[in-house]
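Next up, some structures in structure tokens.
After this come two complexes, each holding chain A, first together with chain B and then together with chain C.
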Partner chain A sequence: MESLRGKVAIIGVADTEVGIVPHMSATQLTIDAALKALDDAGLTKNDIDGLITCNSFAEPILYHAEAMAEYLQIKPKLCYSVLTGGGTTFSLVEHAAAAIVAGLCHTVLIVTADSLRSGLTKEKAMTSQASTGHPQFESIYGPTVPALYALIARAHMEKYGTTSEQFAKIAVACRKHASLNPAAQMRELISVEDVINSRMIADPLHLLDCSLISDGGAAVIVTSAERAKAFKQDPIYLLGVGEGHHHEHISQALDFTTSGATDSSKLAYEMAGLGPKDMDFAQIYDCFTPTVLVELEDLGFCEKGEGGAFVDSGAIELGGALPINTHGGLLSHCHPGHPGSMFALTEAVKQLRDQAGERQVKNAQTALVHGQGGIMSSHTTLIIGREVS
Partner chain B sequence: MEALKILPTPTIETQIFWDACQQEKLLVQQCKECEHVQFYPRLMCTNCSSREVGWIESSGFAKVVTYTIVHRPILPAYQKEAPYILAVVQLEEGPTMMTNIVNCNHDSIKCGLQVKVLFQDWEKGFLVPVFEPI
Partner chain C sequence: MMKVYECCGIESVTKKVYCSSCGKEITNEIDVPEEGTVYSYTVIQVPPAQFAHLAPYTVALIQLKNSKAKVTARILESVAIGDQVKLDSIVDGAYVFKKVGSSKVLHNS
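So, the complex of A and B:
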């Protein structure tokens, strides 16, 4: 099997305005992100011969990618939408890389956006959340999305003695990083006590253990490594990628405290020829604080069961051994649903280009970006870096 | 209009399960070839892929694998019962399922708690399996 290692690079990234953006529709946010990424790369829309998108909740379109290509008036050779939950955006990078290496197209625009905050009626928002579980064997019991993740949090606390304070420290670190990011939706510093004292949503998860609901979009442009040097930004190479899929419904999970991130990261590390210790920072999917703690373990940054102690050590804050979610993450930067993890990738690219301003990780060369979707269901790990060798 | 809790819509694959619930029986599937027991109902055995899958009645005994206490339900129909316990339980026969733990003091819910099935009128007389401490 041919490896994708070093074969493609990200040459353009962009975010739209995020947070509460009622003056733009989900489609407009998609197009805005696309145009900004083209500008970042120094390309025009006619340079794009592959388009991959993710459908919107607020403004769903049957054939979303086709509609976006029509809106842009481009005629790509590869054009489709993907939906695997929060891991979607990184799977798209893998698919784009595979298409480029296979010679199907040269330059792929990946763009995702949604307006979950401003574009959904309350009724539609409730219905979509209530539909998360299995329609016959889960949803009837009144699970909410936080409740489904609370099941994982509780299992980890039970098995490894993890505490609410340790979960809270993840929210505190993300907020601290968001405070350094002018684009972030929530920038006011919070303490562990603030998290613990915030309203209980689904025990043991408090309001501040939960990510935001936002509007926003982001885009990345991927091309072959040979072509990548010709553009205006430093290319950031794809060094490793892998996916892991263990279940869809959490009541069918094979294990409540170990996820498919073990599989996805193993594949990504093997492809990259690198390990957890080689990562200068990581962007780890943070829909809820326990998600991060379990993933820190499954991605190999600490032993299984030691995620709490790892967080206690301060490693995950800027200046620590492994700063995570340097833009503020879904917990504090923004979370417009499926597009949410894309901001982790655009941020990682900006960090590796040394363009992250006050929150810059010094001399960052290599990063791990991890997304997951469903209820710890679909996992994709990317490893990207400034250099191929 | 009064808000209603979500009711399952039985399918060709699950009708037998839900019909049995109305008789206060909890059915799970068992493979006739490898004896693997599974839930939710499927056309095939998840262990050996055989299509020869039959039904057995569960003892109804289970233990709590993990749980949460939902303080903020999303649908109004669930508000009147909040806070309520949402759990994943493992049946004595092996499979796991999501459920509510009822008739349980919230201070005494814990992982490993032994529970037994009972059937509650969910809406309009339709019975749904839930569990209570033994």
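So, the complex of A and C:
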């Protein structure tokens, strides 16, 4: 099997305005992100010959990618939508890379956006997210998405002695990073006590253990490594990628405290020829604080069961050994649903280009970005860097 | 008794037609006691609208006794992981369990 290592690069990235954006529909956000990414790369729409999107909850369109191509008036050779939950973003990059290496197309625009905050009522946003529940063995029990993740959190606490304070520190770190990001939805600093004292949503998850509900979109443009040097920005190369899919419904999961991130990261590290210690920072899917803690372990940044101690060490904050979610993550930057993890990728690219302003990780060369969808269901790990060594 | 569907040593409360191991039709239906232990749980304080009348309510995954299968349930009392529970009733298709014994191990939390 041919490796994708170093074969493609990200040459354009862009985010729309995020947070509460009632003046733009999901489609408008999609097109806005696409046009801004083209501008970032110094491309015109006619340079794009592949388009991959993800459907919207607020404004669902059956043939979503085709509709977006029509809106932009482009005629791509490859055009489709993917849906693997919040992990969709990164699997799209893998699929784009594979298509480019296979010669199906040369430059792929990946764009995702949604208006969960302004395009849906609060109730509709809750029920549409929870609609992934198993009809016979989950949905009739009235679980919310936080409740399904709470089952994982509780199991981890029981098995490894992880505490609510350790979960809370993840929210505190993300908020600290968001405070340095003018684009973030929530920027006011919070403390561990603020998290613990916030309203209980689904025990042991408090309000501030949960990600935001937002509007927003983001896009990236991927092209072959040969072409990548010809454009406006420093190319950021794909060094490793892998996916892991263990289940859809959490009630069917064989293991609550170990996820498919073990598989996805193993593949990504092997392809890159790198390990966890080689990462200058990481963007780790943070729909809820326990998700991050489990993933830190499964991605190999610490041993299984030691995620709590790793968080206690302060490693995950800017200035620490492994800063995570430098834009503020889903917990504090924004979370428009399926597009959520795209912002982790656009941020990682900005960091590697040395364009992250006050929150810049010094001399960042290599990063890991991990996306997860469903209830710890679909996992994709990307390793990207400035150089293909 | 509750039904568990078994093939190739894989047990589930979900009635699937085909075995994920051998691909053959699953024909072995096992009766297991309507009891087990709490595998994990949450107390839902902020519910979807159609469950608002129940809130706060406990949703748990139960490790069924004498089986590898787990089943989702609501539990009437507050519980801890490892507590022994037993089926109390079935409401709108949902299993409702009640606590019948505490976990043997003492926990700090």
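Criterion: the second predicted complex is superposed on the first by the 384 of 389 C-alpha atoms of A that agree within 3 Å, B and C clash if a C-alpha of one lies under 4 Å from a C-alpha of the other, contacts with A are read in each partner's own complex, and residues count from 1 in each chain.
To be clear about the criterion, a residue touches a chain if its C-beta (ideal position, glycine included) is under 8 Å from a C-beta of that chain, and two chains touch if they have at least 3 such contacts.
Only a predicted model underlies this, so the values are computations on that prediction, with no experimental measurement involved.
In the three-chain model built by superposing on chain A, chain B clashes with chain C. By the touch criterion defined above, A:I140 reaches both chain B and chain C.
Look at A:F256: by the touch rule set out above, it reaches both chain B and chain C.
After overlaying the two complexes on the shared chain, residue contacts for A:M200 are found with chain B and with chain C alike. By the document's definition of touching, of the two partners only chain C reaches A:E123; chain B does not.
Overlap of the chain B and chain C interfaces on chain A: residues 126, 130, 134, 136-138, 140-144, 146-147, 150-152, 154-155, 158, 199-205, 251-252, 256. On the chain A side of its complex with chain B, the touching residues are 126, 129-130, 133-144, 146-147, 150-155, 158, 199-205, 249-253, 256.
Only residues 12-14, 39-51, 54, 57, 59-61, 70-74, 81-82, 92-94, 107-109 of chain C touch chain A when the two sit together in their complex. Within the complex, the chain B residues that touch chain A are 5-11, 14, 18, 39-40, 65-75, 78, 81, 83-84, 86-88, 96-100, 110-111, 122, 128, 130.
Listing the residues of chain A that touch chain C in their complex gives 123, 126-127, 130, 134, 136-138, 140-144, 146-147, 150-152, 154-155, 157-158, 161, 199-205, 251-252, 256.
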